[in-house]
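Before anything else, here is the set of structures, which you'll find just below.
Next come two complexes, and both contain subunit A; in the first it sits with subunit B, in the second with subunit C.
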Partner chain A sequence: MNTLVGNPQEDFLVIDDVKTHFDLGSKFLTRESKGVVKAVDGVSLTIRKGEILGLVGESGCGKSTLSRTIMQLLRPTSGRIWLKGRELTALSDKQIRSERINFQMIFQDPYASLNPRMTVLDTLAEAVRTRHPELKGDELRARVAQLLRTVGLNPFQMKRYPHEFSGGQRQRVAIARALAPEPELIIADEPVSALDVSIQSQILNLLKKLTSELGLTMIFISHDLSVVRYISDRIAVMYLGKIVELGDAEAVVDHPLHIYTKALMSAIPEPDPVSERSRTRIVLEGDPPSPMAPPDGCKFWPRSPVEHDERMRHEEPPFEEHVPGHWVSKCPFCVQETQAG
Partner chain B sequence: MTDHSETAVLGDKPATAAAGAPVITEEDLVEGSSLWKDAWSRLKKNKLAVGSLAVFIFICLFCVVGPFLSPYDANAQDLFAGAEGPSADHWFGTDTLGRDLMVRVMEGGRISLLVGLVATVVALAIGVIYGATAGYVGGKVDASMMRFVDLLYALPFTIFVILLMVAFGRSMWLMFVAIGCVEWLSMARIVRSGVISLKKQEFVEAAVSLGYSHRRIIIRHLIPNVLGPVIVISTLTVPAVMLLEAFLSFLGLGVQPPNASWGVLINEGQANMEIYPWLLLFPAGFFAVTLFCLNFIGDGLRDALDPKSAKD
Partner chain C sequence: MALLEVNDLTTHFHTRDGVVRAVDGVSFSLDRGETLGIVGESGSGKSVTCYSLMRLIPEPPGRIERGTAMFDGQDLLKMGPRELRKIRGNRISIIFQDPMTSLNPYLRISTQLVEALQMHTDIDRKSAVNKAIAALEEVGIPEASKRVHSYPHEFSGGMRQRVMIAMALITEPDLLIADEPTTALDVTVQAQIMDIIKQRQNDLGTAVILVTHDLGVVAGTCDKVLVMYGGREMESGSAEQIFYHPRHPYTRALQKTIPSLQAKGQELFTIPGLPPDVSKPIPGCAFYPRCPYPKTGTPEGERPALAEIEPGHCWSACGFCDSSAPIETVLTKAGDVADDTLPETAGSNA
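The block that comes next holds the complex of A and B.
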């Protein structure tokens, strides 16, 4: 891929300069604006069919807003999104509804993402019928059973309620629900962060297996780099509503360019105690600035351990291809040749 | 969807893809226990609530069936038998006009319970629809709908009822309307807040992202989940309404003699309280026991439906 924004007619998912801002409204008497939260502030991406794109960043960087914008649960303030040549952002709310079976989401909290008053059978049957409204009775049940087997659950449990399952099992049900309408794109929003570490790897392996077996495309969102490194083909690093680095998973993990990515990488603990002791950490100071009042220029300058000059405090660095396929927000202070690699 | 049909795990034709799998019949399935079932089994362990329920059912049967079995008519006067204490003929005694008090307590109970039930159902219907709409739609619609509720809340209830009575004359149905008008307000607020907090839950987001219609989301996903608190509030609304009715009847604004309600009977009883105490004790006793029972049932339901809020 040689351009960041691909050809909407050919590429699978194209995101072109999407911004999602939240207007906090105006004050009661003075009509003075309370401000605008720029949760997603100009993201461009092209996602190939069949790949797993990992999206990482600190909490509050706009990962979840971006995922909900792609899902059209939130409409972007500006920018366009195409899925298989269909411009989602141009569709009306009604048109979007029939389009939704093509892209589904797996949510973070399996305790909140299933309706507690519905059996697994009801939940999945309802979702299956979005694509196959003609199915009912035994056929529908067979289909639900098949879905449950696909995600590794015992189909004889389908008449049970969510609260009768463990967290990992519930997340499997949620995955089955996302698969039920037979989507081509799945957005997984921190699907393992609410689970026990021992369950996390099971769910990760399941997601990895399903993507390759079903030919799905997935956007995998997490704040946990070790998880993203394991599952992703490519990784995008987000900071304050923008993507600061994008590239193949190995390239981003092994040869991070941006100092922010390096800091994130240095935060991954090493399993080996010897190398863990020699691990050098880049410690970032302070919290990320408020997305209501993001800094000018290179958004990273207030926290960067490398002092930025006056120009980069005001001038936004370009997002450029550093080496083929590896993009970075090219601030001369954040991206330094000597440190790369 | 061409890519999908090539995969073995999930085919494009679910019926054929599933053909290889064993057929699953209804009997094979492990039956789950719904939250309602769990709540019922918790409620059954609450002795106070179960006892209250039994007493309440007994009182209802007593009031509804009783008058058919009694040899006396509630309004038949027997001036020679005026104001006698409990006896073998008249178990609860008679009032100053010689009417059998037991039948009058039964008849009064019918009206009191009817008011409680009808006004609660009215409040429930208006409150749930109004509150769910306001909460689900949100924004300006929600704000203006709730300001209207605040406005009604601010009206002093007694003056409101007196004005209604003066304008339209005294009638029992008007009283239902007046009480219903007041009681649906809290119901609407509770349903609205429930819907707002549910709307942000991920399962509702999931329902939206599956492309379900608003109707389906409200009916299948939102309302069943606010039903718990609604049931509790309804059980607690019934005694509140009955108390209001008694209060209005006591003031002479509610049920009019010769019709009896517990409120009317208590009013009549307190007039002669010092000479004929049974005229006050029987209706007041029934009323108090009924209110106690309903409140205990409501508390029990709250603990059963939301075990997290239980005291222990």
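The block that comes next holds the complex of A and C.
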């Protein structure tokens, strides 16, 4: 891909300079503005059909807001989004509702995202009927049974309530519900972070298998680079509402360009006592700055271990293609070829 | 003599649906300045083990059935409330997973930090506040003298956890219990917090029990490791022994399923099935139903005894599987493990 923003008529999902800001309102008497949270602040992306895009970043970097904006659960402040040539940002709320069967979401907490008073059958049947309202009785039941088998659950469990399942099984039900309307795009927001390690890999395998078998496109959001590295074709690293690095998963993980990506990588503890104790980390200072008052210039300078000069503290670095397909926010202090990674 | 010597600790919860054997005969010992990592999945009993030591188990329904926990010559499990109060927060401190729920939102940080000091030592408020400021500086909180009077909500998650660490260490305890101290935090902040715990441990010579499900965190910090499953000890030993020469099938499988250790493009290794339901008696080895090795018999009755392979390296030696082969050969790689091979009751332990 040569440009960040593809051709909306040809490419699967095109996001063009999307900004989602939250206005905190004004103070009671003085009418003075309380400020604006720039959760997503100018993101452009093109997602190909059938690929898994991993979206990584710390909490508060805007990754969940971006996903909710793509879902049109939040309307962007500016910018445009096209899915299969249809401009989602131009549709009315009513049109979005009917369009949404083409894109579905899996949430982090399967305890909170399933209705505790509905059996699995009710939950899934409702979702199936958004696509096939004509289905009833045995046909509907057969379709639900088939969905349960797809996600590795036994159809005899369909009369059960969510509390009767373990966390991993519940996440499987949530996946089945997302698949029920036969969507083409799935956004998975931290789908495995609430699960145990031994269950995590089962769900990751399942998601990967389903995307290739059903020809789905997926945006996989996580704060855990090791999980993202495993499942994604491409990775986008977000920081303070912007993408700082984007490229093929191998390129981003094995040859990270931006120092923030390198720091994220080096923060992951390795399960090996000897190398873990002798390793030198790139330690970031403090927490991410507040998106209410993001720093000027290269947004990373207050936390970067490399001192930035006056110019980069005020001038925003361009987001450029470093090598074909590998994009980075090109701040001369954050992107250094020779730096040990 | 070891600082803490836990022997056959057994904590059960007597619920309407039966006896939940949360911790079922766990033993370990810890010297001064040492770090013990307790690893296990949710429901493996690692937190209940810690709460039992601090006597924070709600009784009823909980009950410490058996065992001893000798802390510096005194048995923690047989102490009365007054003696306990002298030890808790003074000689043994605890850090919980979620710093928001463990700090009192109505009280200033200074009040909460000073409380522990004034409770246990004869110190006036002014010098206690100065000590609190010093403690906050030690854990890297900028402008500590100003921020000491802030409320918990004025801090970010990572900063709150630093406050918790400062509070736990302000009385210079002999033992610090950290129950998943970094699980709720970002990876970058996690690295900072683990560095602070390690550094303060070096300064003060505190022994640490670190409860976690993240083997990576254990590798970087712990001298000894205890692997728990279904309320029981599966394997224990030095970090090197556990990471380089794991003996128990569960330890081996757990290591293999970590995504960062696996080559990209391949299917992840998985352990089939679900964690055990500890509200029912488990015959033999707790991991037996999920064990991927070829079975050589069906366990019944007593659970397997602990066998020592090397000095300090023990495992729960189940005699009913043939674990001679490398673990890769027996773990499932086939896309997805169907849960429907499980019995009908599989979902009931949620």
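Operating definition for what follows: the second predicted complex is superposed on the first by the 339 of 341 C-alpha atoms of A that agree within 3 Å, B and C clash if a C-alpha of one lies under 4 Å from a C-alpha of the other, contacts with A are read in each partner's own complex, and residues count from 1 in each chain.
We adopt the following convention: contacts are C-beta pairs under 8 Å (C-beta built on N, C-alpha and C of every residue); 3 or more make two chains touch, one makes a residue touch a chain.
Because the structure is predicted, anything quoted here is derived from the model rather than measured.
Room for both subunit B and subunit C is found when the two structures are superposed via subunit A, with no clash between them.
In the superposed pair of complexes, A:Leu135 makes contact with subunit B only, with no contact to subunit C. Contacts of A:Pro324 after superposition: neither subunit B nor subunit C is touched.
Applying the stated contact rule after C-alpha superposition, one finds that A:Glu182 touches subunit B and leaves subunit C untouched.
By the touch criterion stated above, A:Asp272 is placed in contact with subunit C alone, subunit B being left untouched. Residue contacts after overlaying the shared chain place A:Met158 against subunit B, while subunit C stays out of touching range. When the two structures are aligned on the shared chain, A:Leu204 is found in touch with subunit C, with no touch to subunit B. Contacts of A:Tyr230 after superposition on the shared chain: subunit C is touched, whereas subunit B is not. The gap separating subunit B from subunit C in the superposed three-chain model is 9 Å, by closest C-alpha atoms.
Residues common to the contacts of subunit A with subunit B and with subunit C across the two structures: 149, 156-157, 160, 163-164. For subunit B in complex with subunit A, the residues that touch the partner chain are 1, 3-4, 6-10, 12, 14-15, 17-18, 21, 23-25, 28-35, 201-203, 205-213, 220-221, 224-225.
Here subunit C touches subunit A in the complex through residues 41-42, 156-159, 186-192, 194-195, 213-220, 239-240, 243-244, 253-255, 257-262, 264, 267-271, 274-275, 335-340, 344, 346-350, going by the rule given at the top. Contact residues on subunit A toward subunit C in their complex (touch as defined above): 58-59, 149, 152-154, 156-157, 160, 163-170, 172, 196-202, 204-206, 208-209, 223-227, 229-230, 249-250, 263-264, 266-274, 276-277, 281, 283-284, 287. Against subunit B, the residues of subunit A that register as touching in their complex are 49, 68, 71, 73, 96-101, 103-105, 107-109, 112-121, 126-128, 130, 132, 135, 138-139, 141-143, 145-147, 149-150, 155-161, 163-164, 174, 177, 179, 181-182, 184, 210, 213-215.
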